[in-house]
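Note that chain A is present in both complexes that follow, paired respectively with chain B and with chain C.
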Partner chain A sequence: MNGEIDRSWRDPELLVKALPSVILQTAFFLAPLLMTVALTFQRTKNFQLTWTWSLDTWTDIFTKPHYWTILGHTLFMAITCVILCLVIAFPVAYALATRLRAFQDHVKVLITFAFLTDATLKTFGWVLFLDKNGAANYLLQQVGFPPATIDILFTDWATMLGMVYNLLSFAIFTIYLSIDAIDRSLILAAYDAGASKFRTFWEVTLPLARPGIWAASVLIFLLAVGVFLEPKVLGGGKSPMSAELIRQTFETRVNWPLGAALTLVLMTVAVFVVLLFNRVYSLKRHMGPV
Partner chain B sequence: MAYPTPTPWMNAKTEAQLAGVLLYGSVAAVLIFFYVPIFTLIAFSFQEGRYPTLPFEGVSLKWYGALFENSGARDALWNSTIIAVVATVFATVIGSAAAIVAVRYKFRFRLPFTGLSAAPLAFPQLLLGIVLLLWFSVLGRAFDFNTGLVTAIIGHVVYITPFALVIVAVQVFNFDATLEDAARDCGATTFEVYRYVTLPLLWPGIFSAGIFAFLLSWGNFYLTYSLAGSTRTLPTFVFSGIATGSSPLYPAIATVVFIPGILLVILADRMRRKAA
Partner chain C sequence: MSWYSDLPKFYQNQIKAMGLDDEGMSRRRLLKTAGAAAGAAAMSGLTFGRSARAASQMSYMCWEGYNDPRIIDPFKAANDVDIAFDLIVDSPGGFAKLQAGASREIDLVSSDMPWVTRMGPAGLALELNPDDYADVYATFYDQFKPPFEPLMSEGKTIGVATRWGWVGGCINTDITDPDTWRSYDPVFDAKNKDKICVMDWGDWPILPMALHAGIDPYQELDAAALEEVRKVLRAMFKNTRTLVADLTQAQKGLLDGSLLGCIGAGSYLTSAVRKQGHKNIIATVPDPKNGLKQGIIWVEATAIVKETDQPELAQKLLKHVVSKEAGHILSLLDTTCNVVTNKAVEALYTDEEKSILQTDYMWHAWDNSQMHRIAPNIDEMLAIWQEELAAAQ
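Here is the complex of A and B:
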């Protein structure tokens, strides 16, 4: 890369620029995370935290299947969300990078705005739209459908719709960046060699876009396991996901050690799933015919 | 590397047409999908009746009037603005500096540095909020403070700085370092190089990072919900309202919130294109 400069940590120029970020993320990300680990080994008494080391919380978690059922449901929803986001985002990202010359910037502005707008409000907008007496059913009725054709509000379907809605932009932008970075001459070379458009896409574009697809999957998966707004507002809180369970543990049951432990379990399992997929994916690449 | 020759299952022209329909269709479908709830909210903000159902009882601006008379909503608007402005300044400055370091410099622990600086990006916000809430509760008991505006701002900065880092990093990547060297060779001091070369060249990236930061903070629900104590911002104000039953005020709030959003996004895009 051009212009990379060798620096040592004693260099004041490096320190001035790097330290704020290091201090910020150490004091308010790493340290709280470590304390959360320590908290799981404490006890609560009369809704008060007492600093006595014990394994109570962990035995509780590993003996109650209830937590694991909810976790399983959360993982299932998150993986479904990743697949849906990829399937929807890929053609959009591809079109943005290769087709929409004139409108590209306008489409990007529209997507960015939708992404940056308050998620609570957008989710509430879906409630108004999907409600039995809401906008969607009214419009459908106008064109001859029976009343309440769309009746998915307060089900897992609505939750999934909200999750895809709120996370899709991550997939579009990440995949767009990786397709946009592909060297056009590789694609032209494939055409010269006589490959059809479809085959060029399948054997050149898609493999080169893989880093973006992978990054999008990881990002969306990690964010999807932590959703709370969608299951609560669109799903009606009927089939809780892990984040809701964790929030309840803190707020209603005021059990910090348990809440901290559930947070860690969720993050650990999520990272484990990512690593597992990564392993399967790289194995396939080494053994496959590619 | 012998591939079997695929039998052409359709001719090139139909193939191209089909691809075109699929690609343009998907963009159109996604744009509609993205704007369904947004337009629903805007439409309902102008309705006369008490309940958000169609058909409208009438068209009026009365909920906007009610909104500005509602002191809870006004306070929430004010708090959102304060938090977003302060968080934007901190997140953009820290993130931009870290981006320069992460892309331009070679040093020991560069990878751990970049990893730590970007980590909150892939951490679910609700969990980040909870982890920070625990941290502030323990610290608060030791140093006697409560969660509120300041803790909410800290949470926002932790979450938003990595976004600023990534956006500015893209700009730094395309940055021609020889320009800095040239300025230095002409006798410019370190400060002058920054003031007249580095900052102007990175400005479009920093500016879009700032706008991104502002809007991420302005619309943030999860972190504020955990960290702001009894302080309400627009998103938590709306959430507490819709959890107990919908009110005709919320579509009006939404529409008011949308306006600075779309203006800032357009502005950021103008800046970026002017620079390109």
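Here is the complex of A and C:
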């Protein structure tokens, strides 16, 4: 080990160098977070915040089951979204990195275009497509299906479709980078040692792509717990997720203490789940191949 | 021709309001060369759109539509004033912004009446002397002439009513009989499952349902009454196909027949579609039930902010907004069409415009409606809404 690696938080030079970052973090992250915490101990009456210290909001949160119902539903949707994104994104990323190298630039540009297109536009586009009188049902009717064969709009299925569609490109690119970075000579060495294609994939490619898969999982999960457009527009608002509950609490109920408390609960649960992800990932890595 | 002339009128208005039109951009270039101080000032939201040429400047917090150039430009020209707009998207949000300090910048506010009235006790509004507005009130409908109690606080007049409409059932007469909507019963009819749309606009869908349950939401409610509200919302969610916060989604559903009816909205939703020729889309008000009026009248009002440094100019602008000419424009915007409080505007309407606004129905709606104000138990009712929505999953 050299001296630089030995440096710790007690190193004055390092502390001075870190100071601007610490100031920025304190001013723009820690201070607002503390204000959010302080806000949860206030009260509202008739849409107005009253600065009186109270535990009412937290009592409300821990005694009303519907907040936890919505949080549970949010976690279920987010984890399902992660699984679906991985299942779809991995083959795409693998094909891009290995089989479609000649077209990968074109495919990447196409995915980037889809990624950069405004999510609101894409989500409303799905409404027109999935509607009872929409494009999908029209096309199906033309080939003999009965009217309104596809009737998933304003259901959780439509919400999930929108979530996966809007978040998929994050997973594809993250996993692609991981697969693309794999040293091809390791795969060839496995073949030389007599491994089958499947065994090479299972014991070489997949373990080496694991950092990308885990990174994509965490990224998709954090984005998925925060979605509110898809449940609102495609889900019809009947099955709200936590972000929509928070928006509704801040905007419609104008109950800022409750909104702040729900935000903290969601943040805490999301961080806990991510830490759990990391723990599982560490254990897996410690125990060897996937 | 300009870079934005092919965009819909709504976006053109937004571009102009934000000072991104040609004139606004010229002003920005001018400001840029005027030095760092002027440049910094130009970066503040309120400074956008202010002309260096105008003798004075004002700030107007209002709903989209009140900033229509056809309304504002003549006033600007006549008074050598430039106006910066602070467009609100919800009334509580606008009120909160004023309370948070925007009242030092804003001169005039046009918002929902309960929130304008609330500006009085909050110390945000300049008390109006009705005698100073006698010329304005002279052509008003009698219903809005002073003393107009909903706009008064502790005997003081807080604002002037500008635009109004009603909340009830919004339906497509081609697919449902308007007579069946003389009550809210179709909302709960099992045969209409997954055909009902609810506007997710805060208290708007809750209040009509409370009225249907026989509860007057504008009175202080006890636990038993709140339980009735809970029951009626639970029943409503059973038949609901979608909750929408976006007008166009509800309008599309009514037009294509995928939605039988929409509640929590009214003339505000249907009028823009009627303007496009779809006269089969109407806003109705149910008949009174057990003596309790089932419709709700909403009113927008305009008030002068107490801290304005230009009370005379603010008064002039207020009078201009409710004038005959401005009222005609305000009642027939591209985004929504609603009747105004100035009776003189009626003389300017064509038959087609009267049909768009359902003027033949408006007093029937008025007679069968409650006047909207802030419900005392709205916090509890919104909490119940969230609980029942979560339980309906």
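Operating definition for what follows: the second predicted complex is superposed on the first by the 251 of 290 C-alpha atoms of A that agree within 3 Å, B and C clash if a C-alpha of one lies under 4 Å from a C-alpha of the other, contacts with A are read in each partner's own complex, and residues count from 1 in each chain.
Here is the rule we go by: contacts are C-beta pairs under 8 Å (C-beta built on N, C-alpha and C of every residue); 3 or more make two chains touch, one makes a residue touch a chain.
Model, not experiment: these values are computed from the prediction.
Applying the touch criterion given at the start, work out whether A:K238 contacts chain B, chain C, both or neither, answering first, second, both or neither.
A:K238 sits against chain C, while chain B stays out of touch.
Between chain B and chain C, whom does A:V16 touch in the aligned arrangement: first, second, both, or neither?
After superposing on A, A:V16 lies in contact with chain B but is clear of chain C.
Between chain B and chain C, whom does A:N255 touch in the aligned arrangement: first, second, both, or neither?
second
In the superposed arrangement, does chain B or chain C reach more residues of chain A?
The partner with more contacted residues on chain A is B.
Determine, under the contact definition given at the top, whether A:T69 touches first (chain B), second (chain C), both, or neither.
Once the two structures are laid over each other on A, A:T69 reaches chain C alone.
Pick one for A:R279: touches chain B only (first), chain C only (second), both, or neither.
Neither: A:R279 stays clear of chain B and chain C.
In the overlaid three-chain picture, which partner chain does A:P32 touch, first (chain B) or second (chain C), both, or neither?
After superposing on A, A:P32 lies in contact with chain B but is clear of chain C.
Does chain B (first) or chain C (second) touch A:T112, or do both, or does neither?
first
Touch test for A:V127: chain B only (first), chain C only (second), both, or neither?
Both: A:V127 reaches chain B and chain C.
Mind sorting out which residues of chain A both chain B and chain C touch, each in its own complex?
127, 131, 133, 232-233
Okay, in this complex, where on chain A does chain B touch?
By the definition above, chain A touches chain B via 2-9, 13-14, 16-18, 20-22, 24-26, 28-33, 35-36, 39, 88-89, 91-92, 94-96, 98-100, 105, 107-114, 116-129, 131, 133-135, 138-139, 165, 168, 172, 196-199, 218-219, 222-223, 225-229, 232-233, 243, 246-247, 250, 256, 259-260, 263, 266-267.
Mind pulling up the chain A residues that touch chain C in the complex?
44-48, 64, 66-67, 69-70, 73, 127, 131-133, 154, 232-233, 236-240, 245, 248-249, 251-255
For the complex, which residues does chain C have touching chain A?
Touching chain A: residues 90, 92-93, 95-96, 99, 200-202, 237, 240-246, 249, 256-258, 374, 376, 378-379, 382-383, 386-387, 389-393 of chain C.
Quick one: in the complex, what on chain B touches chain A?
6, 8, 12, 15-16, 19-20, 22-24, 26-27, 30-31, 33-38, 40-41, 43-44, 52-55, 93-95, 97-98, 100-101, 104-109, 113, 116-117, 119-128, 130-135, 138, 154-155, 157-158, 161, 165, 175-178, 180, 190, 212, 215-216, 218-219, 221-222, 234-236, 238-239, 242-243, 246, 250-251, 253-254, 257-258, 261-262, 265-266, 268-269, 273
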